[in-house]
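Each structure below appears as structure tokens.
Note that subunit A is present in both complexes that follow, paired respectively with subunit B and with subunit C.
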Partner chain A sequence: MIGLLSREQKEKYTEFGKFVQSNVQPFAWEWEINECIPREVIDKCAEAGYMGGILPEEFGGQGWDHLTYGVFTEVVAKASTSLSGLFNVHTMVMKSILKWGTEEQKQKWLPSMTQGKVLGALALTEPEAGSDIQGITTTFTETEDKIIINGTKRWITFGGLADVFIVFGKMNGQDEKATAVIVEKNAPGLNVVQIKNMIGFKASALAVLEFDNCEISKENVLAKPGFALSHIAPYALDYGRISVAFTALGIMRGCLEYCTSHVLKRKTFGEKLISHSTIKEMITKMGVDYEAAAHLCIHSCHDKENHHPSSAEKVIIAKYFTTKAARKHSDNAVQILGAMGCNESHPVARYYRDTKTLEIIEGSNQIIEMILGNSFARKYRSSEIKAGLGSK
Partner chain B sequence: MEHNSIAEKINKYVLDSVNIDRIDFDMDIFEEGLVSSLFAIELMTFLEKNFEIKITTNDLDMNNYKCINSITEFVCKKKAGDLG
Partner chain C sequence: MDNKEKVRMFIEDNLIRYDEETIFSDEDNIFSMGFVNSLFAMKLLNYIESEFSITVDSDELELSNFSSVNNIISFLNKKAGTANNS
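On to the complex of A and B.
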């Protein structure tokens, strides 16, 4: 992974590693137990300039390229998947406002978000609509100068901590008028209820958002009614999937580091664990998948950086491969570490739980198979026809 | 770039993206269900990169994107600066 980075990106990798070692790694377990990330660590991230890393400098960001954002996510996720989730949802909201917001919306929200004074979360999922986003039923009703929101959002990552949400619904209940609006947490009629006892990402402050005649100004509409599910959500989720892919990469990196340290020290039957062929096989597959996943993640970021039309698909491929590999190898990491890996105090136990969640969020891997299956079928058929090998 | 070459470039991109061998330039590619959920974003990225335009909220109008002819008209107007 490191060998594939530019000099500047390598320097950032080192910087991020030092920050995480001091401010994240020693406390990550405690956050998981308490199911909460303390405000102080978010303030430290803000002081370091990390809350708006990928945003342009004119809004207080650092102007990172996509790969630097990915590398940052990898380094953070190795220590705390929950904290990487905060940067994920916060970034999705900032990038959506940057792309689709009015000048007033950008000026109102982005500087305070890059400074970490305001935290954002994306409210798309509902009790009856997850990966099938067309099925959302939250309604926005227009009055003369306001929009009235009714409905429920569930499993909203960092919903319990966020100050502002991008909420998706349907204007006047019309399917063809899917709309996104910006809602502040103290909007009248909004009730936030934190969800506890998640299997993974335990410190991610998941929440239910209950909208009961919640009132917002019409100025809070993001872009135009009718484009929330075709443009705004996919645009945001593209960034979400970059984050999830690199989070899985960070977990694989962690698995490799903890497992290799262990197998080079621990002895069974008078020999180090690495001497056993079954262990060698697990480490080999872990290392090969990490290298392959890193290439996919980096390639997708390069395509995104170069504004390549297929970059969204490349990101999906990276997310799919990396999360599946991380799931498999976190399982093997627990196996290699034995009882130690079965204890919650060891990071691989957390990896084992978190990787199940990674296969579900930002489009479950089954939804991704529906997209990629069709896409690959089209591509290969097309190539065959072009080569004059197949029937039409 | 001329109108016809813009239309041809868009036609080639759309054909590469959908599961058919040729397309009527007036066929509604979204209504016909030819494209995946990623297509709107991929098309936006394709237009921005290949025709050096920036698509903003003001350009969100399905009439701009429904068929190859309307996309071509949109790109021509955008390049001419008629749409800001």
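On to the complex of A and C.
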């Protein structure tokens, strides 16, 4: 991975590593047990300029390219998937406001978000609608100068800590008027209930948001009604998938580091574990998949940087491959570490739990198979036909 | 290749139908025919912005601007006219 980065990106990699080693790594286990990340940690991230890394400097960001953001996520996730979840949702919200917001909305929210004074979360999923997002039933009802929200959102990452939410629903209940709005946590009629006992992202303060005649100003509508599910959500989720792909990459990196240290020290039957062929095979597959996943992740960031129309597909491929590989190798990592890997205090135990959720979030891997299966079938068949090789 | 051919080709490459007989006219609404997946709308916007070096503003988001080959071409011509007039 590191060999594929530019000089500036390598320097950032080292800087992020140092930050994480002193501010994240030693405490990540405690956050998991308490199921929350203390506010002081987020303040430290803000002081270091990390809350708005990928945002332009004019809004207080650092102007990172996509790959630098990815590398940052990899380094954070190796130590704490839960903390990487914060950057994921906060970035999705900032990027959505930057892309679709009015000048007033950008000025109102972005500077305070890049400074980490205001935290964002994205509320799409509902108790009756997850993968099938067209099925959301949250309604926005227009009055003269207000929007009244009714409905429930569930599994909202950092919902328990966020100050502002992008909430998806349907204007006046009309299917063709899917809309996104910006809601502040203290809006009258919004009740936030924290969710406990997740198997992964344990410290990511997941929450249920209950909207009971919740009132917001009409100025908080993000872009025009009708485009929330076709444009705003896919745009946000594209960033979410970059985060998830690099989170999985960080986990694989962690698996490799912990496993290689262990197999070079631990002896069984008079030999170091690395001498056993089945262990070598597991380490080989882990290393090869890490390298392959890194290439896919980096390639997708380059395409995104260059506004390539197929970048969304490249990001999906990276998310799919990397999360599946991380799932498999976290399982092997627990195997290689034996009983030590079965204890919650060891990071590979956390990797084992977290990787299951990575296969479900930001478009589950089954939904990705629906998209990519169709797309590949068409793409490769048609190139065969174009080349005059197709059989009818 | 003219703009219309470019746009048609982009859409054809992104259809989710495998049968070679899938045909659509320049007037057909590609979204309502169910020929495209959930990523397509964003991909199309990305394509239009990068291929024709324009930015589609939030207030230009109108389904009618993007729903058919002819509508996309009219939108591009309108944008070019606005750019030339400014």
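Keep this in mind: the second predicted complex is superposed on the first by the 390 of 392 C-alpha atoms of A that agree within 3 Å, B and C clash if a C-alpha of one lies under 4 Å from a C-alpha of the other, contacts with A are read in each partner's own complex, and residues count from 1 in each chain.
Throughout what follows, a contact is a pair of C-beta atoms (placed from the backbone, for glycine too) under 8 Å apart; a residue touches a chain by one contact, two chains touch by 3 or more.
The model shown is predicted, which means the values in this text are computed figures rather than measured ones.
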Here subunit A is shared; do subunit B and subunit C fit on it together or clash?
clash
After superposition on the shared chain, which partner residues are touched by A:307: those of subunit B (first), subunit C (second), both, or neither?
both
Once chain A of both complexes is superposed, is A:18 in touch with subunit B (first), subunit C (second), both, or neither?
neither
Look at A:265 in the shared chain and tell me whether it touches subunit B only, subunit C only, both, or neither; answer first, second, both or neither.
neither
Mind working out whether A:117 is in touch with subunit B, subunit C, both or neither, as first, second, both or neither?
neither
Touch test for A:223: subunit B only (first), subunit C only (second), both, or neither?
both
Using the touch definition from the top, say if A:280 reaches subunit B (first), subunit C (second), both or neither.
neither
Subunit B and subunit C footprints on subunit A meet at residues 100-102, 223-224, 226-227, 230-231, 234-235, 238, 306-313, 316, 371, 374-375, 377-378, 381-382, 385
As the complex stands, subunit C meets subunit A at residues 10, 13-18, 20, 37-39, 41-47, 49-51, 58-59, 61-63
Quick one: in the complex, what on subunit A touches subunit C?
100-102, 223-224, 226-227, 230-231, 234-235, 238, 306-313, 316, 370-371, 374-375, 377-379, 381-382, 385
In the complex of these two chains, what residues of subunit B are touching subunit A?
13, 16-19, 21, 36-38, 40-46, 48-49, 57, 60-62
For subunit A, which residues are in contact with subunit B within the complex?
100-102, 223-224, 226-227, 230-231, 234-235, 238, 306-313, 316, 371, 374-375, 377-378, 381-382, 385, 392
